[in-house]
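Look for chain A in each of the two complexes below; its partner is chain B in the first and chain C in the second.
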Partner chain A sequence: MTVSKRQQTQTRLAYLLVLPATLLILAIYIIPILFVFLGSLTDYTLVSDYYEFVGFENYRQMFGDEVFANALNNTFFYALLFLPGAFIISLVLAIAIQEQKQFRSVLEVLYFLPVTSTLAAMALVWAALMDSGQGVINNTLQTFGLPRVNWFGNEDVVLYSLAIISLWSIIGFNMVLFLAGLTSIPKNLYEAAAMDGADHPVDKFFRVTWPMLGPTAMFVAVTSSITAFKLFDTVAILTQGGPDRASEVFLYLAFLEGFEYFNMGYSAALSLFFLGIIFLFALIQAFFSDRNVHY
Partner chain B sequence: MADISPSPTATWFDWVKPKSTGRLITTVLLFIGAWVMVFPFIWMISSSMKPTDEVYDADFSIIPKTFKGFENYYGVIFEQPYMVFLMNSMIVCVGILVIQLLTAIPASYALAKLKFRGSSILFGTVIAAITIPINVTSIPLYIGLVKVGLLDTYFAMMFPFIVSVFAIFLFRQFFRGFPDSIIQAARVDGFSEIEIILRLILPSAVPAIAAFSVFSFVAHWNDLYWPLIVVQSQDKMTATLSMMQYHPLSTRTTGAPMPPPPSSPRRWSLHSFSPAGCSSGASL
Partner chain C sequence: MLTDGMKMAQLTLKNIKKSFGDTPVLHDISLDVHDGEFVSLVGQSGCGKSTLLRIIAGLEHPDSGDVLIDGQSMLEAAPKDRNIAMVFQDYALYPHMSVGENMAMPLVMARLPLYARLPMMRSITPAGRGAQPEIRADVEKVAKQLRIEHLLDRKPAQLSGDQRQRVALGRALVRDPQVFLMDEPLSNLDAKLRVQVRAEITELHASSGLTFVYVTHDQVEAMTMSSRVALLQTGHLLQVGTPNDLFADPANLDVAQFIGSPEINITPGESCDGKVTIGATTLPIALPTSGPVQVGIRPETISVSDAPGLGALNSAAPTQRLAFNKRLIEDLGPEVLIHGTFAHAPDSIIRIRAQKSDAYSSNGVLAKSNSLEVTVNPNQLLFFGADGQRMRPTTVAQKRVETA
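Let's turn to the complex of A and B:
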C-alpha cells in the first residue's frame, strides 16, 4: 500500500470514527441550542400549535417581570450566603486536616461523606431535621434556650436553610480540592520562607500557601459559583419555590415556566440568560487559569 | 524551626501559635464538625428502624426504643415498588454509560491521533458544548420527544446524555499522551486502526475510563432534573425521582396520579448512598 493511499483510508476511517459522536452532538447540543434561540423569539406554547414570531418581546418581558427580578434576587442572595462559606470553611478545614497526623484519613472520609450521598434523598432527612415542630435542630436550639426557627415556612429564613443544606453537601468536595492543592505545594518553600522569617502559621499562609493555592482557589470559586447558580434539587423537593416565592430561584423559575405553565418561548429566553451566566463563569475561569499562577 | 529565626512581627497572634493544647483543641473541633456532617446519616439509619410516631418524638435517641427495622426494610423491599425504581435507575445509568463509551472512545481516538479535515472545528464544538448544561437544551429536547411520542420511555431518559462531550475531551487528552512511535510500529506490523484502538489504546486508557465511568454513573444516578421532566408513570420512575413522593409535605408529583405520599420515613435509608464516588460532575 502506498503512503498516500494509506493516508486516504486512514482519513476515511477517521470520519467513520467521529460520525456517531458528531451526529449526536448535532442532535443533542447544536440543533437544540438553535431552537432555544429561535424559540425565545416566539410565543410558542406546547398547548397550542399556533405561534408567531414576537421578536425580542420575551426578553423585554423578562427584564420587566417582577417574578424574574425576584428569582434573580433570590439566587444572588442565596449565592451570597453560600459562596463565602463554601470557600472559607472548606479552606480552613483543609488546612486544619492537613496538619492532623493520626486522624487525617478518618476526618477526610467523614467530611466527604455528604458528597457521596444523593442530595435529593438527603433533602428529605434535612426536611425532618429542620421540621419546625419536632425537628432535632429546633429541639436542640430549645435546649440551649434559643428560639425555635421555622426553617422552611418563613420567607426570611428559607434561603438560609437551603444554603445550610447546600453547604453541608459541598464542603467535603471543596475541601478535597483544597487538600490536593495544599499537598502539591513543595515543602522546601515553607523552609525557605522560615529562613526568611515567615515561620508563624499566619505568615506562612499569606506568604506561601495562599499564593501557591491560586489556581486551586480559582477553580473552587468558579465551580462553586456555578453550583450556586444551578440550585434546583432541594428547591424542587423541599419548598417548590415557597413560601410566597421566597425560595423561587432562577433555574426553578425556568423549570416552572417551561414545564408547568408551558410558556416555552419565555422559558427559552430564561434558558439563554442562564447559559450566558454559565459562559461568563467559564470565561473567567479560562482567563484566570493561565494567569493566576505566582511562582 | 522557630528557633532558627523568630518572627519579628509576632505580637498579637502569639496566642494562636500551635502549642500542643492548641493542636488538641483543633482536633476536638474537627471531630465536632465531623459529627455535624455525619449526623444526618446517623439520624437516617436510626429512624429507619423506628416506628413512625417515634421518629418525630421530642426526645431523640439514636437507639430505637421500639425496634421496627425489620418491618420497615421488609416494607421497602417487598411491599413498595422501590425495587422497580432502583432497577430503572440502574438501567438508565448503565445504558447511558455504555453508549457514552461507545461514542466517545472512537471519536476521541480520531481527534487525538488521526488527521482529517474538520477535526479542529469538531474539537472546538466539543469544548463549547461542555459548558452547555441540560437545563438550557431541555425545552427543545422535551418538545422533540413529545413530537415523536417517546416521552416516558427509557430512551427519553437516556437520550440527552448518550454522547458525553466531557468524555470525548478527557479521552482525547489521554490518548494524545500515547506514544506515536508505538502506533507507527503497530501499523508497520500490519495492525488495522481498529485493532490499534482495541489492543493498544484501550488497555492503556483503563484508568481514565474507570474514573469517567464512576463520575458518569453517579451524576446520572443523582439526577433529578431530567427524570422530573420526562418521566410520567410510576413504572419508569427512578429512585432519585421517587424521593419527590416520599416527602411528608409534598403535594406535587409528576404527571400520572400516584399513591398518596406515605408519611413514614422508612424508605429513606436504602437510597441515600449513591453507589460510589462523588456527585459533582458538571456536564458528564
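Let's turn to the complex of A and C:
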C-alpha cells in the first residue's frame, strides 16, 4: 500500500512539473490553431458581426480557386529558384571560406551582415538598386552593353528578382550553419583519406565532407524550404503581388484575403493549408536527423 | 598477398627539422629504419614523435631535411604515393561507411578512375563494376586474417574498441604497403585488451615482414614490441638502440630515467682520485673526470643482504654493501617493491625490486626491521656527469644486465 501511495505522489508530482510547459504550449500553439481551424469552418468576416458555420465550404472554395492555384504555383516556382541557390551557394562559400586562414573571420562577418539587417528596410534599398530607370544595376548592365531589365515590372522576371533579394539575405546564415558543420568534421578523417588516396578535391568532398555534413545539410534544406514558403515581406513592400498577380505568393494571398478583403474564414483555411506544408517539412527533418547522425 | 613479392623498404630520415611558428618541434633528426624492422618512437607527449611520424607519412612537411624510402626522396610525393599505410590514434574510420567499405577505400581509390568513383557511378560504370569483385575478394582476405570477416557489414559505431582497431589495421593492410606507421594505436584500449592487441601487432609484424614505425609514450609497449627503440625528448633524438641497449647502456640520464619500471634510482655521489663516494661508502671505481656525479642504480640490481634469496645478484659477482632505511613495502604479488633511503645519503630515494620469498612475511626480516643492508654490484652502477651525459668507468669493465 505504501509503495503504491508513494508512486501516486510521484506521478502527481510529475504531472505538476510538466504542467507549466503544457499550459504554455496549449496557450501559444494548440488553442490558437484550434481557433483558426474553427474559424476556417465559418464565413466570419471582420466587417460583420454575423457569421455561421459553413463546414468545409472554405476548403472547397480554396481548391477550386484559380487565384489559389496561381499563388501556389508562384510559391513553388519561387522555391525552385531560391532553394538550389540558398543551398549550393552557401555550401560552396562555406567550403571556400573554411580553407582560408587569414581572412576567414572577415569574410564570415561580411557574408553574415545581411542576416543582421532588417529585410523590410533592405528591400527598399534593393528597390532603389533594381529601379528600372535610375537603378545602379540597370545602369551597370547598360554600360556593358546589356539590355536593361524591368526587375519588378515584368511578370516573367519579378520572381527572379525576389529570389535574388532573399538569397542575399539568407546565404550568410546558411553559410554559418555549413561552416559549423564543416568545423565539426574530424580533421584526421581527411588525413586518413589522404593516406587512402582520396586526396582529389572531388573525392574529399564525396567521401568525407558530404556524408559527414548530412545532418547539417538536412537542417539547412528544411529551414530554407520553410523560409521559401514564408516569403512575404519583400512582396508586401515591393510588388504587392504584382504585376498581374505574378508575384502573389501563398502567404501574401492569405494576408490579402484576411486583412484586405476581411474574409477571415477563408484566410484561416489558407493559413491551415500553409501550416500543413510547414509541418510536413518539419516531419521530414525530424525523420532524417535521427538517422543521419553517425556519432 | 602480404608476404609474397620481396619488397624492400629501407626508410631513412635525414636531418629533419620542423618548427610550428616559433616553436621548434624537431631538431635535426636522422634515423635509419631497416627493411622489416620494428622501430618505436618513444617519448613523453610533446616530444615530437607524432610530428615525426606525420612527416614520414607525408601529412606534414619538414622545414628541412629529407625522407627517403629505398634511397628515393619522398618529400614531393603525396601520402598515397609513398606506399605507406598509417593507423591513427583514434583509428579515423569513416563513420558513414561499413567496415567493408572502410577497408575497400584505398583499393577503390587506387583501382577506379575518378568518374567511376563519383556517387552511384561505381555500380553503373563498367570500370566500377569490373573492379568490384576483386576489391571485395582482397578485402575479405585481409578481414579473414584479422578475424573481422563477420563484421564487414557493420558500421564503426557498432564495434568495440579492439574491433575498430582491427578495422583500422585492415584498412592499412589491404593496400599492401611497404611501410606501416602506427600512432599510439593502443592508447584507446583498456589495459587487458592492450596486452592482447600488443601481441597481435607483434605477430602481424613477424608474419608480414613489413617495416613498422610505431609511436608510443609507453615504454613497456616500445620495449616489448620493437627491434629497436628511438627515444625522443623535446625534439631531440636521445638514443637509438635495441630495448636492452637502452635499458642497460643508456647514453644519458634522461634515457636511463625514461626506460625501466620502476624508474631507475638516482643518488648523488662524488668522483675523486679514482674513487666514487656515495654518502659514506667509497667504491673503487675510476671515472674520467672528478667532481659531483649522479649514480644510477636499477631497482632490479639491488638485493637485500639480510634476506638471502631476495634480489637479483648471483653470489659470484663483486658486491658492495650499503646501509638502507626501509620506509614502506609494496606487494605486487610475485615480487615486492621496497621504498626507502640509503642511510648515509639522506636525499636518496631507493626502490628495490625483489623476488618474493619467506623473508617477506609477517615475521620475516623485511617486516621486522627498518634498517636493512642491501647489496649492489658496482659493475652494474651507471654514472652520469653534471650535464647528464653518461660517464664510463676507466677501471672497472662495464657488464651488461641481461634481465629486463
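As a working rule, the second predicted complex is superposed on the first by the 265 of 295 C-alpha atoms of A that agree within 3 Å, B and C clash if a C-alpha of one lies under 4 Å from a C-alpha of the other, contacts with A are read in each partner's own complex, and residues count from 1 in each chain.
The working rule: a residue touches a chain if its C-beta (ideal position, glycine included) is under 8 Å from a C-beta of that chain, and two chains touch if they have at least 3 such contacts.
A quick note: this is a predicted structure, and the numbers were derived from the prediction, not measured.
Look at A:189: by the touch rule set out above, it reaches chain C but stays clear of chain B. When the two complexes are overlaid on their common chain A, residue A:212 makes contact with chain C while staying clear of chain B. Of the two partner chains placed around the shared chain by superposition, neither chain B nor chain C is touched by A:269. When the two structures are aligned on the shared chain, A:200 is found in touch with chain B and with chain C.
When the shared chain is aligned, chain B comes close enough to touch A:139, but chain C does not. Applying the stated contact rule after C-alpha superposition, one finds that A:62 touches neither chain B nor chain C.
By the document's definition of touching, neither partner reaches A:81: not chain B, not chain C. Which of chain B and chain C touches more residues of chain A is settled by the count: it is B.
Once chain A of one complex is fitted onto chain A of the other, the partner contacts of A:251 are limited to chain B, with no touch recorded for chain C.
Shared-chain residue A:25: touches chain B; no touch with chain C.
Chain A uses residues 191, 194-200, 202-203 to touch chain B in one structure and chain C in the other.
Across the interface of their complex, chain A is touched by residues 57-59, 78-80, 84-86, 88, 90, 92-97, 105-106, 109-110, 114, 117-119, 155, 157, 171-172, 175 of chain C.
Contact residues on chain B toward chain A in their complex (touch as defined above): 1-2, 4-10, 13, 16-18, 23, 26-27, 29-31, 33-34, 37-41, 43-44, 47, 55-60, 102-104, 106-107, 109-111, 114-117, 119, 122, 125-126, 129, 131-133, 135-144, 146, 159-160, 162-163, 165, 168, 193, 221-222, 224-225, 228-229, 239-241, 243-244, 246-250, 252, 265, 268, 271-274, 276-280, 282. Those residues of chain A that touch chain C in the shared complex are 186, 188-189, 191-200, 202-203, 206-208, 211-212, 214, 294-295. Per the touch definition, chain A reaches chain B in the complex via residues 7, 10-11, 13-15, 17-18, 20-22, 24-25, 28-33, 35-36, 39, 46, 93, 96-97, 99-100, 103, 107, 110-129, 131, 133-134, 136, 139, 168, 170-173, 191, 194-203, 223, 226-227, 230, 232-233, 236-238, 240, 251, 254-255, 258-259, 264, 267-268, 271-272, 274-275, 278-279, 282.
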